[in-house]
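I'd like to ask some things about the structure below.
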Amino acid sequence: MAMNSASAMARIAILGATGYTALELFRILSRHPTARVVAATTRQTDRPLISSIHPSLTGLFDLSCENLTPEEVGSSCDIAFCCLPHTASMEAVPKLLHAGCRVVDLSADYRLRDPASYQQWYGHQHTDAERLSQAVYGLPEIFGPLIPPASLVANPGCYTSTSILALAPLIAEGLIDPQGIVIDAKSGISGAGRTPKLSNLYSECNESVTAYSIGNHRHTPEIEQVLTDVGGQAVQVAFNPHLMPMDRGIFCTIYPRLLRSGTQAELLSLFRRYYAGQPFVRVVDHIPATKDVAYTNFCDITVRFNRDQLVVLAVIDNLIKGASGVAIQNMNLLLGLDQRTGLLGC
Amino acid sequence: MAMNSASAMARIAILGATGYTALELFRILSRHPTARVVAATTRQTDRPLISSIHPSLTGLFDLSCENLTPEEVGSSCDIAFCCLPHTASMEAVPKLLHAGCRVVDLSADYRLRDPASYQQWYGHQHTDAERLSQAVYGLPEIFGPLIPPASLVANPGCYTSTSILALAPLIAEGLIDPQGIVIDAKSGISGAGRTPKLSNLYSECNESVTAYSIGNHRHTPEIEQVLTDVGGQAVQVAFNPHLMPMDRGIFCTIYPRLLRSGTQAELLSLFRRYYAGQPFVRVVDHIPATKDVAYTNFCDITVRFNRDQLVVLAVIDNLIKGASGVAIQNMNLLLGLDQRTGLLGC
Amino acid sequence: MAMNSASAMARIAILGATGYTALELFRILSRHPTARVVAATTRQTDRPLISSIHPSLTGLFDLSCENLTPEEVGSSCDIAFCCLPHTASMEAVPKLLHAGCRVVDLSADYRLRDPASYQQWYGHQHTDAERLSQAVYGLPEIFGPLIPPASLVANPGCYTSTSILALAPLIAEGLIDPQGIVIDAKSGISGAGRTPKLSNLYSECNESVTAYSIGNHRHTPEIEQVLTDVGGQAVQVAFNPHLMPMDRGIFCTIYPRLLRSGTQAELLSLFRRYYAGQPFVRVVDHIPATKDVAYTNFCDITVRFNRDQLVVLAVIDNLIKGASGVAIQNMNLLLGLDQRTGLLGC
Amino acid sequence: MAMNSASAMARIAILGATGYTALELFRILSRHPTARVVAATTRQTDRPLISSIHPSLTGLFDLSCENLTPEEVGSSCDIAFCCLPHTASMEAVPKLLHAGCRVVDLSADYRLRDPASYQQWYGHQHTDAERLSQAVYGLPEIFGPLIPPASLVANPGCYTSTSILALAPLIAEGLIDPQGIVIDAKSGISGAGRTPKLSNLYSECNESVTAYSIGNHRHTPEIEQVLTDVGGQAVQVAFNPHLMPMDRGIFCTIYPRLLRSGTQAELLSLFRRYYAGQPFVRVVDHIPATKDVAYTNFCDITVRFNRDQLVVLAVIDNLIKGASGVAIQNMNLLLGLDQRTGLLGC
């Protein structure tokens, strides 16, 4: 599809090409004017065509998935997206960086700055702990200026982005109690990945709502770390994820305790000021639906204030703004491009 | 289907036979050994067969829906289920009672004891206010002994039942702060009824999660009234409903503030003691899914306690335990039957 | 739930208790007045409670799944339902029968009379070929009188039942060309079973329609065998299954070539005569929807005749009339009960 | 979003802006480099913002929907998309053309050349019959060269496009019997439009498959007219639409009678030759799923040939290739652009 000259093209690699976040990266990159996928990796050794793994990509990419080493990938591309599981990423990333490419890591391996926290929540010792402090947390609306010069971007978790974007203005202004913030999150099933398990079978998930990891989900420390950065004092959240019978979308309903008085209109104004100039956050008056942002990189947010209870409501598409869309946004910043390129407009 | 002798049969009427709660009453009654539907009403005047309104009932009921007056219905049946919209119910109920039948009202008209509260939340003056104090709130697990002698049972709202059952043991024991209890409720779309509106179209609801009436839903005063009865001190909740892309099911995630220390195991024991002998409440160790109770009259409840945050999780089928199943449970109690009849076992 | 005396109870075993057809058998049997599940088997050796495998059965069955041999099962029960995969069934069935119980086999192992056909379509040599001629094909609407005295009932496939019921009256009367009958079948995902595979993941199936085994699905010879029995001359069908994004339901659209002239009304009358007295076949004037029969043992059928093309439309619930419901219907006949017991009415 | 100079921009109007096809036009046009929406019409007179009608467009279009006359629209834009219901279109189109703009009509009003056929199938006399012969049928893969010079393009129906693309190569080569071609079509619910009706409510459609207009759907004469043009002899089809519980997607399973012998591989080759150079038709070896083409302008097609039965399988997204995507493809051709602009690549 590329109509631009090859010389201007950034060379892109996708490690772990068989999952949903990789598919979504391919879809977005098929529309990107100055980035070109030159390598896709898998552990399979039979060099399957990408269209045999993802039939929807037929005709869009004429590329085989190969069992390449990180060194091979790193020496032949400018930017590598790591769509590997956690622990696999921290093995590949040092080699990719050493070989000379920059990395957007979609796993959790470089999101937490504290290796002890990583060990506590993920149950593994971090094998690349010294690099944790160099990784930039890839939420452009919060850490935008840090991203362009980075070598390694830790792409945020899907629940995390939504929660942070919904709370950052309130935390930054010190308007809410930073302790005991209840986050009730609802996600579509694609967040569970493409590996077959009983819990992500159609007949188990369809026509059903359930919850999991109540109070102890791994995105908890990530939300707390970033919001603590934003507000300058320790934030503690009660994060509770639920599964909804739909492909994609996250809806976060958040119940902070307001410390000062304020009206709904004032709070909406605060959010609008905080996100002024951010192309992918839409502060809206109506209550958003996940469908409003499906297949887009938008995060829609509103607030409600009734009977002394503040509620913040925020939605994203978990595969786009929650994973591959923000990853492209980060790639654009790394490449010195307008962050909207390939994501919005033409 | 009736194989029993007609003489033992209770004569049942269903007012407002075209909606989903009426359909569900018909389905359950097709299995009930000692109740027989003798009348079904509609405002349509062409006497449609019930099977033309609800094709799934073909062969199960050989009955026409007629434009009968409440007086006609009341004089020819023992128990009338009112599946009318609010305000329509309070016109029909006095006439039904006066004609000599007993009533299970599935509308909201007789649920709030205080006519001022009714006016505040429903925007209509109550025209049968003096009867509000006589109506029994039809949640058998809480008000069981009051139901058998009643003439008028106010069948609870779907969100209400779930919320009350999930909180009653904690409120009764005084374990939680009765103020500011956050209830995050998720419902399937059938709760929105069968009247065509943009907001309940397939293409609007499918693949989407949204919220509505944040902090000001009409079930709020109902939950507060009953829990105040249970605990003996004023309860105030922040009730927040969401719509899930599925037919049926309610999932309530509730965030109370625990006043004393306690373990998860102790709290589960408390719930098990409180609901001992109740056939339709199952206190479970696992996190329930709405699918576990779909097409049943069960309410499954569990609790989680992590990082000082208590969470109560409860599920029902909104059309059964949330409407027509509990209505049959109430009917059974009115008729002096085992409350499980037609709902559980054979 | 059993309220009847144990002495009158038939002792039931379910082999392969972890799948969806087993779950559905349990659900129906929880309402059956004279059958009681006494054994459930699994290859797991840790004796899991049935409620830990199927949380929806909590409180309904206090039973562990055990790794029992067919001999142990057969000697302690009256009727065994085999919910094992094909080839596993033909190992267990001879032992069950020899131990003295009767068997309703939900696998494909005893459906085809011709062992060569079994080998051709299933790719395995049949190891119990001599018993194929003794098995009765368990479609009561066609083979009803043969079932009560049988020892071994081969429960039909889900697509098969629907296709046969939709075509039998036309074939029996010789009204249609028995060759080249096009059957376009649409099924919910539960038909794919409960074993995790990429093809039955939520995120693969949801919001998608596809087809598989076009022209070569294994239910083809089964449909042809039974319809050949019905009509007395060789029937050949082009059977083409599709997957629909829903839990349960089969919709068959069938395109026969009418050999004589006839009106739609005459054809409907023919169907009504053919199924007179059959409680589970409803010949309807309207076009049925799978939802009309969901969670029931009904098969709804109609015909349309426009521009010289006859179309037969038939729906069932694939887990009930297509598997576990008809299995209970067969069990009832084996036990000398009304075939509706536990399935319809009270 | 427009980054190009306004001078090069085609001025676009959308009549009937509240429905799903209009929404989809907006979405695609938000990415189109050289087309700019300058007017959107509705019968509402309160000038609602387009983002209040379609919240997903928030921030993408700063435009009010106005109750404009066709004359006002026609004189201020280059191309008008008519998303009006049939009969409303044939009132507006003559005025739009007279005012000087070109029209892509998404209704059925200009698809049939014969006004008698229009009257027969739509039940209305055509009030602009003389223009029927001037309208070009907007299926670029078949009538591509006729579109660039046209003033009025009749955008095809969704079922129609799929059926025609799946049959044209076989009809053009005279390989199949042109009479009695069975088309079994499955559509998502968005095809039913955005006007609330009982039949498109979530709780009616979800978890259900049904059929409608068996043998007499209005797309029948449209399919027959175009395929008759393609093959030069009268084509007659038995077209049978079904509703699937999903938002978008059409799956057509087509059963032609092959007149000559041929292999599956030869037939696939024929399709590939016929569609060589067409960017939006992908002839694939695997059986496609509607999900493969969701949110794209692709039509994926394959064939299967088993036991003497040829089956053609084709999928599209009904709102894109079946409506608004092909409408943009037509607009591109009218404007002298690459037909992929805004639809594929960057």
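Residue numbering begins at 1 within each chain, and the chains themselves are lettered A, B, C and D in the order written.
Criterion: contacts are C-beta pairs under 8 Å (C-beta built on N, C-alpha and C of every residue); 3 or more make two chains touch, one makes a residue touch a chain.
Nothing here was measured: the structure is a model prediction, and the numbers come from that model.
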| message | Suppose chain centres are the mean of their C-alpha atoms. Which chain sits farthest from chain D? | response | B
| said: Distance between chain A and chain D based on Cα centroids, please, to the nearest Å. | reply: 35
| For chain A paired with chain C, centre-to-centre distance based on mean C-alpha positions, whole Å | 45
| task | Express in whole angstrom the distance between the two chain centres, defined as the mean CA positions of chain C and chain D. | result | 40
| field | Where chain A touches two or more other chains, by residue | value | 204, 206-207, 245-247, 288-289, 291, 294
| request: Pick one for the touching-chains graph, please: line, ring, star, complete, other. | output: complete
| field | Residues on chain B engaged by chain D in the complex (per definition of touch) | value | 20, 189-190, 192, 194, 196-198, 200-207, 245-247
| In the complex formed with chain D, which residues of chain A make contact? | 1-4, 30-33, 55-56, 58-59, 207, 282, 284, 286, 288-289, 291-296, 298, 300, 342, 344-346
| query | Can you list the chain C residues touching chain D in their complex? | reply | 180, 182, 184, 186, 188, 204, 206-212, 214-216, 236, 238, 240, 242, 244-249, 251, 253, 255, 287-291, 294, 304-309, 311, 313, 315
